[in-house]
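Two complexes are shown next, each including chain A; its partner changes from chain B in the first to chain C in the second.
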Partner chain A sequence: MEGNPPIMRRSALAAVAAIGSACLLVAGCSKADDNKNDDNNTKAAGANAATKDVVNASTKKGGTVTYELSDVPDSFDPGNTYYAYMYNLSRLYARPLMTFQPGAGEKGNTLVPDLAASKGVPSDGGKTWTYKLRSGLKYQDGSPITSKDVKYAVERSNFARDVLSLGPNYFQQFMAGGDKYKGPYKDKSAKGLSSIETPDDTTIVFKLKTAFQEFDYLVAAPQTAPVPQAKDTGVDYVKNIVSSGSYKFQSYSEGKQAVLVRNENWDAKTDPLRKQYPDKIVVNLKVNAETIDKDVLAGDAIDLGGTGVQAATQAQLLASADKKAGTDNTYGGRLVYMAINTKVKPFDKVECRKAVQYAIDKVSVQTAEGGPIRGDVASTVLPPDIPGYEKSDVYASAGNKGDAAKAKEQLKACGKSSISTNISARSDRPQEIDAATAIINSLKKVGINASLKQYPSGKYFTDYAGVPKFTEKQNIGLIMMQWGADWPSGYGFLQQILNGSAIGESGNTNLSQYDNKDVNALLEKAIGTEDMTARNSLYTEIDKKTMDDAVLVPLTYFKVLLARPQNATNLVSTAAFSGQYDYLNIGTTKK
Partner chain B sequence: MILLLVVSAVTFAIFFLLPRMAGQTADQLAQQYIGKSPSKADILAVKHNLGLDQPLYVQYWHFIKGIVAGATYDLGPTTAHCNAPCFGYSFKTHEAVWPQLTSRLPVTVSLAAGAAVMWLISGVAVGVVSALKPRSFFDRAFMGVALAGVSLPMFFTGNLAILLFTYQWPIFGRTYVPFTENPAQWANTLFPAWCSLALLYSAIYARLTRSGMLETMNEDFIRTARAKGLRERNVVVRHGLRAALTPIITVFGMDLGLLLGGALITETVFSLHGVGQYAVQAIDDNDLPPILGVTLLAAFFVVIANLLVDLLYAAADPRVRLS
Partner chain C sequence: MQVNQAADSGGRRPVTTGQRGRVTVTAPIETTGAAPEAQPEAVLAGVDKGQIEGRSLGQIAWTRFKRDKVAVAGGVIVVLLILVAVLARPIQAMFGLDPNAFHQELIDPNTSLPKGGLGGMSADHPLGVDPKFGRDIATRILEGSWVSLVVAFGATILSNVIGAIMGVVAGYYGGRVDSIISRLMDTFLAFPLLLFAIAISATLQGGAFGLEGLPLHLSVLIFVIGFFNWPYLGRIVRGQTLALREREFVDASRGMGAKGPYILFRELLPNLVGPIIVYSTLLIPTNILFEASLSFLGVGIQPPQASWGGMLREAVTFYEVDPQYMIVPGLAIFVTVLAFNLLGDGLRDALDPRSR
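So, the complex of A and B:
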């Protein structure tokens, strides 16, 4: 034993070291068989196919559809969420009074009754809205859904903001007496909010403060999906959501995963929209963004957030025509723009604002934002996927590269030869910083010197750009901004950014501090106008007026690049949910 | 115990006192947990519900009391009771922090333990071999790899490992399975994460072992041991390595302790629902109680690891033992 030559032992030790360092090298494992490409996969339908029509249309049932999200949603509770993708997904287990017809692009903006049997019937000039529920509606436990549950859902989601604080509170703003009612957790009276009436179990009547002709859009929010009061546990309801849709929760694990399975008590006869194709729907949360891209490209998952692929994946997809055929480059219902602060001198003068409009080379901004894939050059306030959009370009320049001569002319008319100001952008959004830098370079050429001020996005509106006093004090004349509507209409888009009455001391989104009586009146007139075509033409008019007043510079119509998972069926990119695929009827070809 | 109390007070002060000293008001803090355009009444109500309207020392007292005696949260129609040890209640998700930590801890422990075993074996083995044959091909090659390992960031090696071994050649699983459910599957899915993490750490251990071994192997007692005619294996392992092990144990204790408090980047890259990922989410949301909870958990593990290190010292080095 003792006589063994020492060299052998050292080699033995070396062998251990070698095995250990196989790990070190990460490359120790032999290559397995190359990914077996099953030929059953449907061939890519062509670039942007899902923005024109349904891709992989199929009525095949069964299988599991997996959604992945790199983040966690604010909440799965339909009464406590504000994300477009949750508005989209929650419809699988929570049926609102109205919803959007699954359809490609702008066709997806069509409102259709969901829990309601037909669209809302307005009376009193649009101040009262009556909805009749479909008959035979049931919860997952088989108990009947009544109009009282819809009323309760609206009350809990809008009036108990100390408990469910994450969703919007439009009902609180628009319902008669909405400012006084304290919500169902504090106000235990059986009557609840008196301006929502439920004369019988299938009728619900909303009484508003003022005429609101787009009320059907408001009730398309998941906040109108019924919640049985007896089962409501406030913030904990998210753990035991009672389904009214085609799927119900099998499991829910906070911040990790949700699994949905077929709801046996959902009846196809009560629902013309949902088809209940897959057996199971799995939602995985906090998945690494790169991993999501790979899973999507492997055909195994759908990106729930619908914000498009990562930069590296984008480059890879666009480099090959084959891969590009499996993508959808679609509008995200958003405008990237720069607000001109009308309360900061010299931008109180329209000529000075026009000088900025002419000076900016929008192509350089588009390039900074990520090129044409990430957005088309914009010239109107309303993006093309919002009703009311009409093509126009008041400050047109050759190739959208800016017109220095005209800009200087306007500057002269404004009585200035040079301007010194600040431009604000969000420090944690590199593309926004790049875009602002491109703007600074454009402006410099005509004598407008802007310095960049960066603020964190989490406090951009509460502490900085959204605080008029702050912007005035800091001489911030130009403010970088992105805006998407809460519902796809001119009012939903324009109200918060152009209405003079929307200017707030903090959290302000009317960053231009634009307070034009005509525009305010037009907005009010529009929302009280019943005829949709007439209403939309009013939005177009507002758009034009705003551009004539030059209070904001539209930069790009935001676009996303979605990769289409090959195994997913019934994919259609809808404008109603920021260009995301409509999640109502996605199935899978996989078993 | 006192140490943990001090740690908790310091941590609490860092997260709750510092922002306030920097000018953040309780209103601004509360506003972060409400959706768009909240009214003043909304902010007041949320502030009250989260206890942010109370003086800081009262908030701290509630926090400490919660750890020992549990706490009750009265929100909406139901009252949530958070049993001791209650490490607070998330402002954002309205979930008690402790159950979240305990449900995520097995993932973090799995990751840390597996990786620790790997880096310890590979790091020490590589270090020993390199030290025994300094300036040899082995030495140079291993040290080269070690240097690369410590220089390459996790988001590179991790993503590369995922790309190669779960997508290009799907050898390893994609979704984490608990050890209790299926040990083979558990190891299978965690293997790339272990390797990437071990690659990062073992480099340090290889270098530490190498330098320690180079030094001890030149000591007089090694020569004596060899002169006594001991087998080379015994000389290296029993005398050389054992003496060189002390600094390694120190570093190992600290590393493991820290890692048990959450491997933030690794868990994010490999989509593992561990403590680190919980911390990342909480930081994203500006959600103070979970951040506080994770920090305290990490502190706890570091303290425990230090204690274990002290005990191990005695085992490894007889000179340290109390007579």
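So, the complex of A and C:
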């Protein structure tokens, strides 16, 4: 319930995945120094300790580590998932070409080679990327892992949307000839997608349509984890996943439980990251959210979703300094915002949009969402943990409480004395509804009457808020939204929500229907720019332009409050996975 | 509801109360005059006029009802509730209360809970304020009362109008008409009502009947709850009609040339008023609960409009740390439903003593 936005990427996603690639994933980094309110803890670890360094560091082997999830993931299949926590967990049994180094906060954003021996080598101005695999790689059955398996994994996950549709399809969008290839289930030719070449068993070459300087982030998705074609059974592969990582499936019961045990054919010499501490890893699904909180506090379980504790638990934890010392409060790499639909009158006029910007009391919204623990007041599109973020506040007001006088001025300039519109929110996300309630209250004070429309999150993008015609017909001028980056860069964050060419008839995530030529061009320019600093300043420019056009109201920079299970070792909250603990090397002190 | 005396007396068995010195007899058959005319005067010759004054069925029921102290208490509470609901908006205006006014300065931003004990109770906010927003709970309960009652009464009226008409038509005409209507009732009864209501309410949220906002939500609820509940009353009315249509007064009426609609609405329905009233009184609390359930599930009244079910929904998150917020709307629903049920039971006993 409260504070349990199903996470990440997928938040947006189910829908989006179907259509394009969406964004999602990995979010940004949390900055350890953003949490300075922890002076009063004297406990060993202390509040926010895992956002600064590894907590309970230990090399002890053995025991069982338990993960619990209140829902079910989209899939355990590394080629068919879009949830950040699955991106995180799947690395135990599926090694992508690149991955994020386990590290606290921002340190976790560092990309390191996993299956690949080194980072990708760009050529042709960033249009061709070459990776060399490590030597001695084996599957759980002892057979060798080759670059052809990596190619196959990319093909099945991105191009066979009729079979595996739940993950993003960036490769389909960016690979040369990606729009013509139908995927390995339909196109049985041995050659497969011709723009991915495998000159030998340890080399893989990706040829893109246009220069893409952040390609290393793209291959950090579990979609590049090798899948042996002979063992692939399409959507049923999830029942018999062939492990390339340090753990393999002992049992898998759909919607209930997965049990992982050590993979004897995994060789530590081929893997500088994984340590294989526990004997067994158990993932329990569909566990009541309150039960998860209790188990976590008892020290026995890890909340797989990583969305943080329930509101009531939060109140209990924060009431005692002792308990507070066992928590980590960190950025979730996401922005909570409200899109202003530029195609719905009168919000086609920038003055009317500015009136909304000034009218909203962001502190009230923040309090409704659960206070500063759940997010800092936002004023930019990019969250502070995404490169390109630069502090600014175009619509500043005293104490962030909104400026009714300025709002009314803008309203007048827009030629209106009052506006009647609708605001949409996802019915199964209480936090979003609470935020909308606070917004309605703020807007009413300046004469903007918004009434709430709730839609289920599963169809929010496919049938409701993501369908431009629907929003126009229903007069939905304001749309509640939450967005996390698929990878920690400005492009990964902005592309899907501001790009005019990304507006689709359904599954649209550019909810403002913002189509500004300058912004579109800047995005394209940025991703082709090799120099990272230059690239980041382009992201900043896009952010500023968007705010000047007032097409969305940033509300809060989302934060999560995690309770740290005391029996778990090597806990480190990483920015790469929305502030979740890095699941690669968690062990246990229990037998 | 005033009952047509003639039809009434025709439709009911003579009732005799056991009180000493009083004999009450109602006419064995219908006539056009008032009750006293029907008294068999010969039998009463020599008895003091005052002692034998006839009483209408309404009076009899009222006497019986008054004796049931529990039912009277329920009735008093119901009347008070209706008064409060009707006056909710004027009261708010008079005291400058706004159910949607935020008082977030009373909220601890870290825990979302009201500052101070007991859910933030204070002189300004006698029942405390709600978590996260700091809205006054007393005012929201007041605001929620009319929402609950409007939906419950609206839905009850809707289902009773449909149910009574369908039932009386089915019962009176019989044959094919009866078969069709009865199967229709079976069909409606077979719907998984709650699931259906959830699905429909969610769908109609977007817009229906050309309405928007609160009026839309209210009408959707009234429609969903009322429209699917009619077969219950329909069956009762049909059963009663089956018995009534064989009675002499109906034959007489028909014999004098009355046609179907006249008989249905002038002869049969007035005799069904008793069961309809009783059933309505018992249906209202059910509907209040239904409305609260739908709002609790998020498909009823939409925030920020206050409703009891909606408040409970919000309270669920916090019941462990702020039980106050759950207790208040919970009590409101409990008391209302109990009062209507007691009143309904009392009315049934009073109007239809055979069912005791």
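Quick note on the criterion: the second predicted complex is superposed on the first by the 547 of 591 C-alpha atoms of A that agree within 3 Å, B and C clash if a C-alpha of one lies under 4 Å from a C-alpha of the other, contacts with A are read in each partner's own complex, and residues count from 1 in each chain.
Following the convention adopted for this analysis, a residue touches a chain if its C-beta (ideal position, glycine included) is under 8 Å from a C-beta of that chain, and two chains touch if they have at least 3 such contacts.
Everything numeric in this text was worked out from a predicted model, so none of it was measured.
Shared-chain residue A:Tyr185: touches chain B; no touch with chain C. Between chain B and chain C, the partner in contact with more residues of chain A is B. When both complexes are overlaid on chain A, the residue A:Thr462 reaches chain B alone and has no touch with chain C. In the superposed pair of complexes, A:Pro372 makes contact with chain C only, with no contact to chain B.
Using the contact criterion defined above for the overlaid structures, shared-chain residue A:Ile433 touches chain C, although it does not reach chain B. Of the two partner chains, neither chain B nor chain C is touched by A:Gly142.
In the superposition on chain A, A:Gly399 makes contact with neither chain B nor chain C. On chain A, the patch touched by chain B and the patch touched by chain C overlap at residues 2. Listing the residues of chain C that touch chain A in their complex gives 100, 102, 104, 107-113, 132-133, 202, 205-207, 212-214, 298-299, 302-304, 314, 316-321.
The touching residues of chain A, counted against chain B in their complex, run 2, 4, 6, 9-10, 13-14, 16-17, 19-21, 23-26, 29, 31-35, 71-72, 74-75, 82, 160-169, 184-185, 232-236, 253-256, 284, 286-288, 290-291, 294-295, 298, 458-459, 462-463, 504, 507, 509. Residue ranges of chain B in contact with chain A, taken from their complex: 28, 31-39, 42, 45-46, 48-49, 75-78, 80, 93-95, 100, 103, 118, 121-123, 125-126, 128-129, 132-133, 138, 142, 145-146, 149, 157, 159-165, 167-171, 174-175, 192, 194-196, 198-199, 202-203, 229, 231-233, 236, 268-271, 273, 277-278, 281, 284, 286. Across the complex, chain C is touched by residues 1-2, 310-312, 314-316, 318-319, 363-364, 366-368, 370-373, 427-428, 430, 433-434, 436-438, 440-441, 444, 451-454, 456, 474 of chain A.
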